[in-house]
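Letters A, B and C mark the chains in the order given here, with residues in each chain numbered from 1 onward.
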Amino acid sequence: MSSREDILGRVRAHLGRTESNATSGRAALDAYLKARPQGPRPRIGGDLVARFRAKSELLSSTVEDVATANEVPQAVARYLTAHRLSSQAVCWPGLAALPWGQAGMEVAARPATGSDLIGITGCFCALAETGTLMLCSSPDTPAAMSLLPETHIAIVPARRILAGMEDAWNLARAELGEVPRAVNFISGPSRTGDIEQTIVLGAHGPYRVHIVIVGGEG
Amino acid sequence: MRVGLFVTCLVDMMRPRIGFAALKLLEAAGCEVVVPTGQTCCGQPAYNSGDRESARALAIKLLEEFESCEYVVAPSGSCAGMIRTHYADLAGESEALARRMAALSSRTYELTDFLVNVAKFDKVPGDYQGSITYHDSCSGLRELGVKTQPRALLAQMPGVALHEMEGAEECCGFGGAFSVKFGELSAAIAEKKCDCIRATGSDAIVGGDLGCLLNIEGKLRRMGDDETQVLHVAEVLAGDAKGAR
Amino acid sequence: MHFKARAGQKLADVLLQENLGKAKSKFVGMRAKAIVEVDDFEATREAGKVLRNRALDDLDLWLEQFEQQATRRGANVLWARDGTEICRLVIDIARRHGVKKVTKSKSMLSEEAGLNLALEAAGIQPVETDLGEYILQINDNEPPSHIIAPVFHKSKEEVSALFARTHQRPALTDIQALTREAREVLRPHFLSADMGISGGNFLVAETGSVALVTNEGNGRMVTTLPKVHVVITGVEKVIPTLEDLATLMRLLPRSATGQSISNYFSLLTGVKKPEESDGPEHLYFILVDNGRADMVGGEFAEMLRCIRCGACMNHCPVYQTVGGHAYGWVYPGPMGSILTPLFTGLENAIDLPQAATLCNQCGVVCPVKIPLPDLLRRLREKQMERRLRPLKEILALKIWAWVARHPGLYALGTRIAVRYLKWLAHDGVRNDRIRILGMATEWTRGRDFPAPEGRTFRELYAARKGQA
């Protein structure tokens, strides 16, 4: 008997599985998958952008606002200069057309490698509840861009800031059909508290996350 | 109100004065108090040790002794908790027994809970003068929700200054048989509780469960503290304890 | 060695006691702050319990759904009965893909299986990348002492000395600097590993995905960079939908570390398409039994709801006093005291169900409302039934219960006992306590035994009534 049959067989036996309750069980399962009820959610009312901004800062991300996408490169360049960071970066292909050169930056649209220091991404959406970015992988939005470099710059359109995770799942179902290979929810710079429960930023992922909100009212 | 007083085996053997204090308080609250004389043990030591058979036998005995009372009151969160939350589990197959157990459970109260929420007692006779800190026993707090009741009663005594300790709701390490199966560990947990007690600088530590109090008193004395009084809340409320020595 | 003996050692370990004292307040305090944000945390706990039960009540059907979806998206779903099979499957996969080095992010199941040692024996290099697990690995594969914070028991000085020795670098005392050093040491491994092994916090049946809750970024490194990714997790981890996942994500990080959400929360589904630049080409799920299947539908089924947050041990007075290593196996604290006997045999963990005060500090914080003290009590009942307790103890209980059912005998016995104890308390100096009580040395080694008043309530009450 295969391990699969052995394990499932014992589970079925312990549950008193019969053909008839398997049929009704599967019907209930399908109904539940279709209904997908949400659990209790905290009230997230009011200005989602303001809440997202506040929560992100609590997580040690830095946040700034610009009115249009074309203003992003200047904002990013200012941030990098202020923190004495390199002005050489890699970005997702969809962001390559922004005026980086005019802002004095050298930005290459290619996958990140272990030695790239600054990675620039957009996001699929963002969650106001916890100050979280949601990035979905695809050939044009590779996951490693927000992981390998020491600094992660995330461009967040204000209209893509949603209340909570349930809203993000619904948006993904609507726009992508099915979930991509990797959905990464990112809430600030990487951190660890393993040594004496003392939080240190910059464990294996980025040391810092800088968020540029586009088109909010901030 | 016809109240059956279940003094508990620990009070019976170690501190009868707590039983008399409870009696006094219930009578002052206007209750007719009966003390079924055949009462012994609620069965908790057996239950918690996994001996269901013995626990069930003792539960049935207690049921028969107290069934005719309108209320059952015990000066112990542990025993009241046993009767109130676990007797139903011991009824077993018999539906009739289960119904009787459920009825008994719903009429069983820890002393301070009864005084505040049922008897609505507001003439606490105690006259303790001094500072106290209160230990919330695990069963009283987490099984029965006893927290504000003793404090409300103590607040009726102007001479009492209550200083809450850090970790008042944390276990003192007694745990019944645990204290004699894992004595070293139990004493280590008790030491932390005693440190919190002493940090308040109170004259007395007060609580609603004698098991906890004996554990705490034993540890305080072994730590060299002969000053801090260890008192059951019934003693303080009844006026049996006067104040710091 | 039993828990009791180990606990004794831990009580005497001054450095450990100091570390435990520091750690306790952090987790407990932070959780208390974090749950306030959820509006109705109690309703969320109830929802967590309900959704976990939904999957467990039809576990076979939900597992089949998961398997179907995961396979559709290009994963291989394998099943392992026990630790030996886990190791065999992992080594097979490694050999099939010519794997020389494996990076690992946290997997408690790989601890159950002793996987690292098996990999080394097979000539494959495992590298733990979770900072705490890495520290343990370089310390001669020391076992973790907490399921979330593996080196809960270590001070930074100990870590500093360990790094200095292993990395051959000067000892650093700053925690931030130590973390940087670990990052620098581990980064080349991330970039050169052929295979990544992770655990799985949850398996989502709706989409055939694994959900990973991490903070450091190592989980993402391990599951994004190598060409092979292996997920090892227990069969009880399956949950129905993405919505259920969102509910659990309000409970888990808050209960574990007091965070509103873990730094990284990843949902991984299937393998990379040829046009993608990162992600594994091969994805394997190893769904593990190792004692779980036989808990389904039984007396201890509620324990299967566990989402491995660690809140129970953080709030346990026993764990807080002795730490995790005293428990002797992979899982410590209240959940460990229940799982260890169930997974390894009741006769192999005699002390664990007994080593609790049943205070329920654990149960009130469990995010999925597992009645932990009730399960511990039920294990004690099993021990009684199988006569796994000392005869002395069984007899003492039976005798006490018998005497307590005979009030006349009880009254007489207690009158004698309290007079004897009161007499013992007279030592010439004081008369209110007993220092050494022969029949209860467990008590009196660490505490005095307060003297009884010397008369029973029963006899005094009878006397008063007689007078009245």
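Methods note: a contact is a pair of C-beta atoms (placed from the backbone, for glycine too) under 8 Å apart; a residue touches a chain by one contact, two chains touch by 3 or more.
Small disclaimer: the values here were computed from a predicted structure and weren't measured.
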Specify the contact topology among the chains shown, as one of line, ring, star, complete or other. line
Tell me which chain's centre, taken as the mean of its C-alpha atoms, is farthest from chain B. A
Result of counting contacting C-beta pairs for A-C and B-C, higher pair: A-C
Work out per-chain C-alpha centres and flag the one nearest the whole-protein C-alpha centre. C
Go ahead and note the Å separation of the Cα centroids belonging to chain A and chain B. 53
How many angstrom lie between the CA centroids of chain B and chain C, rounded to a whole number? 32
Give, as an integer number of Å, the spacing between the C-alpha centres of chain C and chain A. 29
Residues in chain C with touches to at least two other chains are numbered none
Complex contacts: residues of chain C adjacent to chain B: 4, 7-8, 11, 317-318, 321-322, 354-361, 363-364, 377-385, 389, 393-394, 397-398, 400-401, 403-405, 407, 410, 414, 417-418, 433, 440-450, 452-453, 455-458, 460-462
The chain B residues in contact with chain C across the complex are 7, 9, 11-17, 19-20, 35, 37-41, 43, 45-52, 54-55, 57-58, 61, 138, 142-143, 170-171, 173-176, 178-192, 214-215, 217-219, 221-222, 230
Residues of chain A touching chain C in their complex? 2-4, 6-8, 10-12, 14-17, 22, 25-26, 28-29, 32-33, 36-43, 55, 59, 111, 114, 129-130, 132, 137-139, 142-144, 147, 164-166, 169, 178-198, 200, 202-206
Quick one: which bits of chain C touch chain A in the complex? Just the residue numbers, please. 19, 22-23, 26-27, 37-40, 43-44, 47-48, 51, 54, 57-65, 73, 78-81, 85, 129-132, 135, 149-152, 154-156, 159, 175-176, 178-180, 182-183, 186-187, 190-191, 205-207, 209, 215-218, 220-221, 223-225, 235, 240-247, 249-250, 257, 260-273, 275-279, 287, 289, 293-294, 296-298
